Amino acid sequence: MAKPKIVLAYSGGLDTSVILKWLKETYDAEIIAFTADIGQKEELDGLEEKALATGASKVYIDDLREEFAKDFIYPMFQSGALYEGQYLLGTSIARPLIAKRMVDIARAEGATAIAHGATGKGNDQVRFELTAAALAPDIEVIAPWRSEAFRAEFPGRAEMIAYAEKHGIPVQASASKPYSMDRNLLHISFESGMLEDPWFDPSAEENEGMYMLSVSPERAPDRAEYVELTFEQGDCVAVNGETLSPLAVMEKLNELGGKHGIGRVDMVENRFVGMKSRGVYETPGGTILFAAHRKMESLTMDRDVMHLRDSLIAKYATLVYNGFWFAPERLALQALVSESQKNVSGVVRLKLYKGNVIGAGVKSPVSLYNPDIATMEADPSQAYDQGDATGFIRLNALRLKVSSGVEQSRKG
Amino acid sequence: MAKPKIVLAYSGGLDTSVILKWLKETYDAEIIAFTADIGQKEELDGLEEKALATGASKVYIDDLREEFAKDFIYPMFQSGALYEGQYLLGTSIARPLIAKRMVDIARAEGATAIAHGATGKGNDQVRFELTAAALAPDIEVIAPWRSEAFRAEFPGRAEMIAYAEKHGIPVQASASKPYSMDRNLLHISFESGMLEDPWFDPSAEENEGMYMLSVSPERAPDRAEYVELTFEQGDCVAVNGETLSPLAVMEKLNELGGKHGIGRVDMVENRFVGMKSRGVYETPGGTILFAAHRKMESLTMDRDVMHLRDSLIAKYATLVYNGFWFAPERLALQALVSESQKNVSGVVRLKLYKGNVIGAGVKSPVSLYNPDIATMEADPSQAYDQGDATGFIRLNALRLKVSSGVEQSRKG
Amino acid sequence: MAKPKIVLAYSGGLDTSVILKWLKETYDAEIIAFTADIGQKEELDGLEEKALATGASKVYIDDLREEFAKDFIYPMFQSGALYEGQYLLGTSIARPLIAKRMVDIARAEGATAIAHGATGKGNDQVRFELTAAALAPDIEVIAPWRSEAFRAEFPGRAEMIAYAEKHGIPVQASASKPYSMDRNLLHISFESGMLEDPWFDPSAEENEGMYMLSVSPERAPDRAEYVELTFEQGDCVAVNGETLSPLAVMEKLNELGGKHGIGRVDMVENRFVGMKSRGVYETPGGTILFAAHRKMESLTMDRDVMHLRDSLIAKYATLVYNGFWFAPERLALQALVSESQKNVSGVVRLKLYKGNVIGAGVKSPVSLYNPDIATMEADPSQAYDQGDATGFIRLNALRLKVSSGVEQSRKG
Amino acid sequence: MAKPKIVLAYSGGLDTSVILKWLKETYDAEIIAFTADIGQKEELDGLEEKALATGASKVYIDDLREEFAKDFIYPMFQSGALYEGQYLLGTSIARPLIAKRMVDIARAEGATAIAHGATGKGNDQVRFELTAAALAPDIEVIAPWRSEAFRAEFPGRAEMIAYAEKHGIPVQASASKPYSMDRNLLHISFESGMLEDPWFDPSAEENEGMYMLSVSPERAPDRAEYVELTFEQGDCVAVNGETLSPLAVMEKLNELGGKHGIGRVDMVENRFVGMKSRGVYETPGGTILFAAHRKMESLTMDRDVMHLRDSLIAKYATLVYNGFWFAPERLALQALVSESQKNVSGVVRLKLYKGNVIGAGVKSPVSLYNPDIATMEADPSQAYDQGDATGFIRLNALRLKVSSGVEQSRKG
């Protein structure tokens, strides 16, 4: 009988290398190693050989960057999602894509399970597994870090290194950093280690070495730089007049934001699994895109559509954060969000300067802003009659007057 | 028979000076001039004499700054209100206080009407009049700018100046600025004139002369400054360890923010009366307070309380913006907001640098963040069993699996 | 020069007959009379002659019943809209359709204005005029009842009758009823007159003569009747197994509901123009459809989609009630609602008995209810492991424990 | 060393009798049996003796009915909570009270754990345990049905009976019913067994034997009965003019509702643990109270307060259903709800007839309904000027016109 197959999300690092071997032995299975290129810019060269040397029967290394930008980052940014008022969801939005691709590979290869190296305390395990549940309820998910046997065998890093040496797994003896990180096209996140103390100041000059995508505002150029983003129906389609794919937009904005010290966030956040944790993020391009999108909306989006959408941002962001990207309620919300973007087209001009994203003008062929109506000068269009405000206010005031009258007569 | 009395919101400027006289003649009434000191820092000296000289029968000049900070700004900041994702509601929150005091004066003086100089196109008229409706439904509100007769008599500034000269109204021959502004303890706003073109860039160096409360980020000091804010139940009670009243907190933060180029916003916003308009704001202290408050909450506020409150921010902000401060639905929302702040106490450390408000640490005796639980290291408290995540994920995934299975069987 | 043209919503009653004539004279215009058949079942015979005799230059009598059911009633029922927990929006949903058709006729005829006979106190004027604004901002709307001149000329019914006689307008000398009513395919509404006293009991036997679409529960048959409704993607497509058009479904359900005393509502409601009013409604078919739809959803709709949609029902209902059917925020909400209905298909069995709509079974080929999972007996599918609940509860409890611990240590 | 103590929620039935013994042996602990009287009307006589005979070291039988009505049912009914549009949360609202009392007893007795007999598939386990987490994070909760050892020992009812006989546990040899049920002051629920088929019709005459609190509409009296409920600040304080405690109100309304066939619900609902299940409920008094409360609100509650509160009903109901009664987000919502009830006072008259709760009049000394304003007749109060509607509509229409104009020019 053929051995069962397991698709493993593999990075080539110590953890997933050990897991690859451990899975192969524990389950007596063929392990298909899968690495998604979602813009992490880590060395992908040699990864295939390494996986094979570690025992993988087959290796997939897939460039998902354009799909990531187009089908995940862009729809999310249409919503204006910001988790707990601060976090642009850089890690959250990547997980469903990776899990989706793993499911696809599992289907293609006839694998019965997928496996990941996320821990039992974080959000990523949830995001992977909810995606798998939504897309392939029949496929098993293996999370070794939640296995008591695995945790017993590997109580610490030392045991993993010993296991790797014993099994001839090639691992780099890199010095461990006092924090963990996760990088993709949208952001890089830092957590754990020294960051666990919320009074610790990661913005202090001595911690500048941690950051990878941006300089600090202090180190950014002394001269501001202007940039123009063109939007069509809520999506950025050009930068400085040059039409770009979603991937190219993100790369261009990352470069600009990083150069000008834009997009660092330091926060305590609430994980889906129930505890607070401290995270530091660099999201240079996303921060520019977020600001530009809101400014584009301000000129072109109907007021009540905006207020309705805004009332649902917290919900949308929580769904993405918690891993419900492929859940039907996210799809329902997305239908509303996409409908809301029909008219969000035009050009936003921004000034980038030492951490600041400063609005410097917005225009649109479908602008809903009519200076003739808003002006305090004489209105050439006659579209607004000041006398109308009297009736408007009176009818808005009516219920307040009635309530107030009742209250006064009760007290009197 | 005694003449009727009208309480007029009086600033000493051309408009309200002309209105004072016009009201007196049109209604054959005694005019009680009222000026609220809400931190506008304009010259209040000589205002009483001027009002009397213009024809007022009595003058009130009331210092409402502490009440403004304590009973209006502070409760609003508890909510995290931000109108359309950008505006800290500096003008909106001041109007109900002014109108409330006018109603109180009207009651004390036996006046039957109050009057204001707000135009028929803006939000302020609504805020004044909804407040009056909620507090004194029996008192009439007179809005000369919505009177056709008044507008016919004063089609432009020239006619007002002529009227003032004719009636011996003392007006200063100040050069008119190419925009209008409104200032108080929380902010200053600019609109109209050159700002009516949304492509106009108010952040350009040549427009620096417009700003009054802050330097530009470019002109701010090259050296960052740290500040610590202490919160109790959602309110800032001390700065850098010094206990301060709400007014003193706002003044201190305005000074700090202004010095470091913090709190400028340039936006297109949606007025309650139905049109979009362009506004530029300086809110130096409020911007610091807003950021600090969110960081304080991140450490001390329960996750689901935060998500619930966040889902209502857009609603709360719209109520304040539209002038419904004294409406029962704002009071109901405030009850929820205040309840949500019970545990929001501790200290936030911020780094102020060229327009940036950077988190630099947060701590609290009632912190809900437990590094022992969140840590990726061994958890000494044993409060979290990674195995629990398996059941947690499985039950969260259950409905997704069932849905997915149904869909697959339908397609299959 | 050609006379201007005005399209008038014309019913043939006293009010719109007088208005027809009055408009023709006041505006020196051609009046195009328009009557929509939306199921009001009033005499449409002779209406064309009557309109022409009254002075209309042209008459449109359009059967909009199928469009009303398909494009208005059905999408609204997908949302589960219920205004203020009680009202099925029978009048509200009809107005946008009528106004839309008037705009179409105005376009076709080159008319520059449309006119209606709704009063200045009700919701209908708003619904007509917001629809016109959204579809044809260039077309003027004339509302004679809000004209001071018109109200001065017609302070009461007597003056209208005199005017009609004077101008040879044919009016029936019907005895005036002590209430007003409005009927269409979805419902009939009653208000005013004796109903203005909220302590008045319209359900008393002596008031039975008012009702037109239903018998009282007391007078309904002593024997229950079962009915089966088949749904596809949220819409009822068959009754008792017979495939029917939306119009035919509504007619069939109206017959059944009316026979069994179903769908009467007596309520005090809040009008958009600011006051409370008392309304009595008969919605026999709609009440059955509403109950059936919810039951169909309960079996086939994902939990979180339902909870999300439910949180927006109050908003959706208010938009329809206030007349914002063609506003972009209703369209955005509809996108979410329609997406939520993708799986709402199956059969609902109901028992109709003396005012009650009693669930008597529901089934679906895409049911999300799996008795194997829910059963307290042994689960043959093994889809649910009771042990999973432990982790699920523990992680849901985690934040509560942390909060509680902090609170206890603070108190202790 | 003293044995540990465990407080067990004990009913005297087979399950909790076996669990009592099993816990005592498994944990070598003292078992304190606790039974809450929350209106289940089951035989409480002899329960103490039975518990002691089964091995309990101590027995608490506490009458919590008044507290249940006053501090749980009443605050919840203020919110208008209805889970998934149908369920009045009769079981959900009782669990937190029981768990709270268990925690109190555990504290008083120095017990370190509490235990319950709820299964691993239902909501009740969650409600018990979240309450314990919120009130006593240090106290362990034991849920034998989620223990693999327990389930292995008791795979079915036969093994439990054998175990009981072996240990001399007194159990009644009652015939097992083909469904399970749970009763308290607010309702009785039925589920499982024959009800697991959603096409099964529990309203059929042959199933009438299942119901305990109400007759069917068919069997209800042929003559309607009127009842008047008096409300103060959202709570019912008198029935038919007689002042009653919350408990007495519930009992009186249960009697009336049961007599007239009111309050049966048959639904498929979504459990917190992830699956759909079918439940049948009788809530006779609650159904009357719910309808009366809404009618009282309709006359006395401000429109926008109602719409705000209504938008949160789904959230509130879900919190109660899921067991988050003592969670801070429920408390925050309750603050809003209680504030919303300040003016909800007056008298509601209802007609009860064969399953129907028919409004028959409502009045209040603080009514916000003013017939003088709403009337279509001449308004003696002059509080409403029909001309005001013109401005009101125009400004509400302004954004629609602008949008529409932009769209037309784009298409044109």
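Points to keep in mind about this one:
Labels A, B, C and D are assigned to the chains in the order they are written; within every chain, residues are numbered from 1.
In this section, a contact is a pair of C-beta atoms (placed from the backbone, for glycine too) under 8 Å apart; a residue touches a chain by one contact, two chains touch by 3 or more.
Values in this document were obtained by computation on a predicted structure and should not be read as measured data.
Of all chains in the assembly, those touching subunit A and also subunit B are C, D. Should one ask which of A-C and C-D has more C-beta pairs in contact, the pair is C-D.
Measuring from the averaged C-alpha position of subunit A to that of subunit C gives a distance of 42 Å.
Chain centres here are Cα means. That of subunit C falls 31 Å from that of subunit D.
Shown for subunit C are the residues that touch two or more other chains, namely 270, 273-275, 302-304, 307, 315, 327-328, 367-368, 370, 373, 384, 387-390, 392, 395-399, 401-403.
Listing the residues of subunit B that touch subunit C in their complex gives 302-304, 343, 365-368, 370, 373, 383-385, 387-392, 394-396, 398-399, 401-403, 406-407, 410. Of all residues in subunit B, only 270, 273-275, 302, 304-305, 307-309, 315, 324, 327-329, 331-333, 335-336, 338-340, 342, 395-399, 402 touch subunit D in the complex they form. Considering their complex, residues 80, 84-86, 119-121, 125-126, 129-130, 133-138, 143, 145-146, 148, 151, 155, 180, 192, 196-201, 203-204, 217-218, 224, 264, 266-271, 273-278, 294-295, 298-299, 303, 306-307, 310-315, 318, 326-328, 349, 351, 353-356, 358-363, 367-371, 373-378, 384, 386-390, 392-393, 396-398, 400-405, 408 of subunit D touch subunit C.
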